[in-house]
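The first chain written gets the first letter, and so on, giving A, B and C; residue counts start at 1 in each chain.
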Amino acid sequence: MVADADFWLTQFLNGMQLSMLLFLLSIGLTIIFGLMHFVNLAHGALYMVGAYVGVSAAASLGNFWLALIAAPLAVTIVGIFLYVAVIRRMRRAGPMNQVLVTFGLIFVLVDLVRILWGDIALGMEQPAILSGPAEIFGVSYPAYRLFIIAVGLVVMVALSLVLSRTQIGAMVRAGVENDAMASCLGINVERLFFAVFCVGCALAGLAGAVAAPVFSATPSMATDILIPTLIVVVIGGLGSLGGAIVGSLIIGFIQTFGAVVLPGFASVLVYVLLAIVLIAKPAGLLPARS
Amino acid sequence: MKNHLLAALMACASAAFVANTAHAADIKVGLLLPKSGPYAALGKEIEDGFNMALEEGGKSEDFKLVTEDSEAKPQVGVAKARKLVLQDEVDAMVGIVSSAVLGAVRDFVDGSKVPLVVANAGNDEATGKNCSRYITRVSFSNAQINRPMGEWMARIGVKKVYTLAPDYAAGHQMIDAFAESFKAAGGEIVGSEYTPFGKTQDFGPYLTKAKAASPDAIYVFYAGKEAITFVKQYDSFGLKKDIPLYGSGFLTSPLYVAAEGPAAIGVTTALHYVPTINTPENKAFVAAFKAKFDRAPSEFAVQGYDAGRVLVEAVKAGATDRASITEQLSKVSYSGPRGPLTIDPATNNVIQNIYVYETVADGDGLTQKMIGTIGLVRDPANGCTLK
Amino acid sequence: MFYQTPLKSVTVIVILAALALYAILGGYFAGEIVVEIAVLAILAISLDFVAGYGGMVSLCHGAIAGIGAYTFAGLTALAGFDGFTATLAALAATAAFGLVVGAVTANISGIFFIMATLAFGQMAYVVVFEWKALGGDDGMSGVSRYDFSAIGLNMNGSVEFALFCLLVVLIVYAVAAYVLRSSFGRTLIGVHSNEDRMRALGLSVWKHKAVAFSFSSLLAGSAGILAAQHTLFVSPELLVWTVSGEVLIVVILGGLGTLAGPIAGAALLVFLKQQVSDYTEHWHLVIGLFLIAAVMAGGRGVYGQVEHVLQRKARSDANA
C-alpha cells in the first residue's frame, strides 16, 4: 500500500479519537467494578441517553456547549434514580443477579428512548468553531475530532490528579484495594460508591453528547458500545485508572489499524486479543488489586 | 388418538380456509415487518404506506391484516412466516425488510404457494436464480439501483472511482453491480473496501485510506445509521470538497437526510423513488402522505404503498384467494408515485425508473434535485426460469 | 451436592407433559412455541450444568449451539450426509470446541471468564459470518428434519416435531442429572465450592473443568441441531452473543444451579414474550421490567423460590 507519513499520522489521530471515547466510558465502569464489584451493563445505555439528551438540548437551546453540560447532568439524574430504585438494593446480590438486573435496565432504557425519540437516528450539529478541518503537524484533520481527543485527555489528567493527590482519591484507592479495611478506617464506602457512581454516569453522559455529532444518536448505541467498553475494562484490569487508559489505547488502536491493515479481520482482531490477554493474564494487564 | 386429533384439527383448518375464500371481499393479509431492532423505522414507513394504499383504493374494509414482528432476524422471520401461513391462513403476505429474512423464508413461501409481496429486501437472487412464482417484488433489486449509476457516472466523465460498502451480501451486490457497468462503460475502480457491517461507527480509517488512493469520485452503499455516520464523517474529513460522493440513494434517503444535515449537500445518488418526482401522481401522493403523517414519504413508504396498491389492483381484477392473487399480481401495471410500475413476468421483479438526484439546500432543510432519469430499468433473468 | 429430589422430578415431568398437551391440542403455532421452548430449555440446562454446578458462567453457549446447527446443516444440506451421521459429527464438533474453550479458560474466573467466553463466541460468529461456502451472512437453507418415516412418524408435522423436541429435553435433563450424581459431577461441584482444596487433593482441576465444559457444550450442540431442523435454516444470528445472554436470563429466571429451573424459565420467557408482543411492540420494555422485578424479588428464580419456600416450611415443620 502506498502511504506516506501524513496517512499514518491521520490514522494515529483516528485511533486516539476512538481511544479517548472508550476511555470516557470505561473509566466510570471500571471504578464502579473495582470499588463495589458491581457489574453495570447499563453503562452503555446511559451513554445512549446522554447522546439523545445532547441532541435534544442542542436543538432546543441552540447551543452546543449548553448541551454538553445538560447531557451529563441529565444522565446523572437518571443514574441517581437507578441507584435509589435498583442498584443500591442489588449491591450484595452477587454478580449474576447484577448482570441480569442491569441487562433488564438496558431493555427498559432502550425502549423508553425509542418511545420518547423514535427509531430514526438523530443527528447533532457540531459547533461552528469546530466544524471545519484543522491543521495539526502539517496534516488536515477534523477539528471536532481533535476536540474529542482533548476532552478525553483533560478528563484523564483530571482524574489522575484527583485519584493521586486528593483525599477523596486516596479513599477511592483504599476502597478499591480493600473495601472492608477502608470502612474499618472510617471511610463511608457506601457514600463513596454513590459519588463515584454519579461521576461515572456523568462521564457516560458526556461521552454520549460528545459522540452524537460524529456518530448520531441511535437506540442501538447502548449495546454497540457495551462490548468494546467491557473489553477495555477487562483487558486493562478492574478498578484501575491505568488499566482503563492502557485498555482504551489498545482497543482504539487495534480497531483503527486493524481496519486499515487487515480489513476483513478487523472485527475479530479485538476478540482474539481479548482471549490472548485473558489466557496470559487472567486478571487483566494492570489490575488494581495485587 | 393423536391422529384423530390431528385429523380434526386439519378439518377445522380447512373449513376455516374454505370460509375465508368463500367471501370474495375478505382477503387476509399477513404483514411481516420488523417492529423492533435497527430496522423498526423502515417497518413503520412500509406499514404506513401500505395502509394508505388500502384506504385510497377504498379497500380497507375488505382486507383483514395480521401483523407480525420479524425482528429482522432470519430465524424469527421464518417462524413468523410459518405462523402466518399455517395458523392464520393468510391469503397473501407482505413485507420483509431484510434480505437475510427473505432468503430464509423463500423455500417455505415457494412450497406453501402463498403469494408474497416483497416491500424492501433487495437481494438479487430472490428474483434471479432463486425466483419463485409466489414471490413478487415491488421494491427494487440491489443490481437494479446500482447498475444504471455505473453507466451514468462514466457518461458524465468520471474515470477513477473508489468504492466503500458494508461487508455483507447486499453491500457486495450493490457494489458489484455498479463496478461491472462502470467498468464496461470504460471506468476504472482504483480501490474498494468493505467495512464490518453494523459495527463500524468510525469511518475515519477507511476515509483516510480512500483519500490516499486519489480517485475522481467515491461511490458507496450505506443505509440507516451507517449512512448518517458516513455522510457526516465524509464531510468532516474534508473529502467532499475534493472528491465528490456518489452512491445508491439510500445514502441520502429522506428518512435520514435530516439527521445528516448540511453534510449531505452535494451528494449525488440514484434511487427508484424521490419525493420530488414531478408528476401529478406523485404530487398527489406526497400531499396525501404529508397530510396524514406530517412528514415527506421516503422510498420505503412508497414501497409499502405499492405493495398495498398491487394487492388492491389484483383484487379489483377479481383475485380472491392465494392462487388467483398469485395469478393477478404478475399482470399488475400502473403509473404510481414513482412513475410507471410493471411486474416483469420473467422474474416477478418490478420494472421501474431509476432517478439520479442531488441533495440540495432548501431554506433551512434539504431537498432532492432531480438530475437524471434512467427509464424503465429491467433486470436480466439471471437464471430465473419463470418464463 | 446434586440430588434428584422428588420436587425436581415432578417439576420436569409436569412441565414437559403440559407442553406436550399444549402442542397436541393447541394447533400449529402451539407446536412452534413448544419447539422454541424446548430448544431454549436444552441450552439453559447445558448452561446451568457448568454455571450452576461448575461456577463457569459462559457467554458463548448460543455460539456453541450455532456451531452444532451449522455442522449439522452443512453436513446434511451441502455434503449430503444422513441425519444420524451429521448429528454425531455436530455433537463431536461442539464437544471439541467446548474442550478447547474450557481448557484455555480454566484459570480464569468471574467476570473475566464471562468475557473470555464472549470472546470465543464472537470469534465463532465472525468465522461463520465470513464463511461464504456456508452462506456467509445470508445463512444457509436446505436443512431437512430427521426421517423417521420408517416408524410412521412424519417429523415435518408441527406436533410430531414438538413432541420429539420435548423428548430430547427429557433425555438431556436425565443425562445431565446422571452426570451430576456421578463421581465426575460430585468432583465438579467440589471444584466449584473450593478449587484449592480439590487441587490439594491431587485433582487436575483444569482438566476437570475442560471436560465439564466440553460435556455442557455437547448438550448445547443438541439444541443447535434441533434449532436448525426447526426452521430448516441456519444463519449467523444464531451465534450472536445476545442469544447467549438470553440463555443466561432463562437460567437465572428459572433458578441457577437447580437444573429443573431452566426448563421452567424457558417456558416462562417464551410465553411471556409471546403474550406481551401481541399487545405492544415495546415488549422489550415489559420483559426488562419483569426481569428486574424477578431478580429483586429474591433472585432465586421461579423454581429456586418454590424450592426455598418448601424447604423452609419443611424445616419449620420439623422443628415444630
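Just so we're on the same page, contacts are C-beta pairs under 8 Å (C-beta built on N, C-alpha and C of every residue); 3 or more make two chains touch, one makes a residue touch a chain.
Predicted, not measured: the structure shown is a model, and the values here were computed from it.
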Chain contact topology (line, ring, star, complete or other): complete
A-B compared against B-C, more contacting pairs: A-B
Computed distance of Cα centres, chain C from chain A, in Å: 33
Distance between chain centroids, defined by C-alpha means - chain B, chain C (Å): 37
For chain B, residues contacting two or more additional chains: 40
Residue list for chain C, restricted to those that touch at least two other chains: 282, 284
Residues of chain A engaged with two or more neighbouring chains: 114, 264, 267
Complex interface listing, chain C residues touching chain A: 51, 57, 104-105, 107-112, 114-116, 118-120, 122-123, 126-127, 130, 241-242, 245, 248-249, 252, 256, 282, 284-285, 287-292, 295-296, 299
Partner chain A, residues of chain B touching it in the complex: 37-38, 40-41, 44, 167, 193-196, 199-202, 204-206, 208-209, 212, 224-225, 228-229, 232-233, 236-238, 255-256, 258-261
Contact set on chain C toward chain B in their complex: 24-25, 27-29, 32, 36, 136-139, 141-142, 157-159, 227, 230-233, 235, 237-238, 277, 281-284
Interfacial residue positions of chain B with respect to chain C in the complex: 2, 5-6, 9, 13, 35-36, 40, 69, 73-75, 78-79, 82-83, 86-87, 99-100, 103-104, 106-108, 123, 168-169, 197
Sites on chain A touched by chain B in the complex: 1-4, 7, 10-11, 14, 17-18, 114, 118-123, 125-126, 131-133, 140-142, 144-145, 213-216, 218-220, 224, 255-257, 259-260, 263-264, 266-267
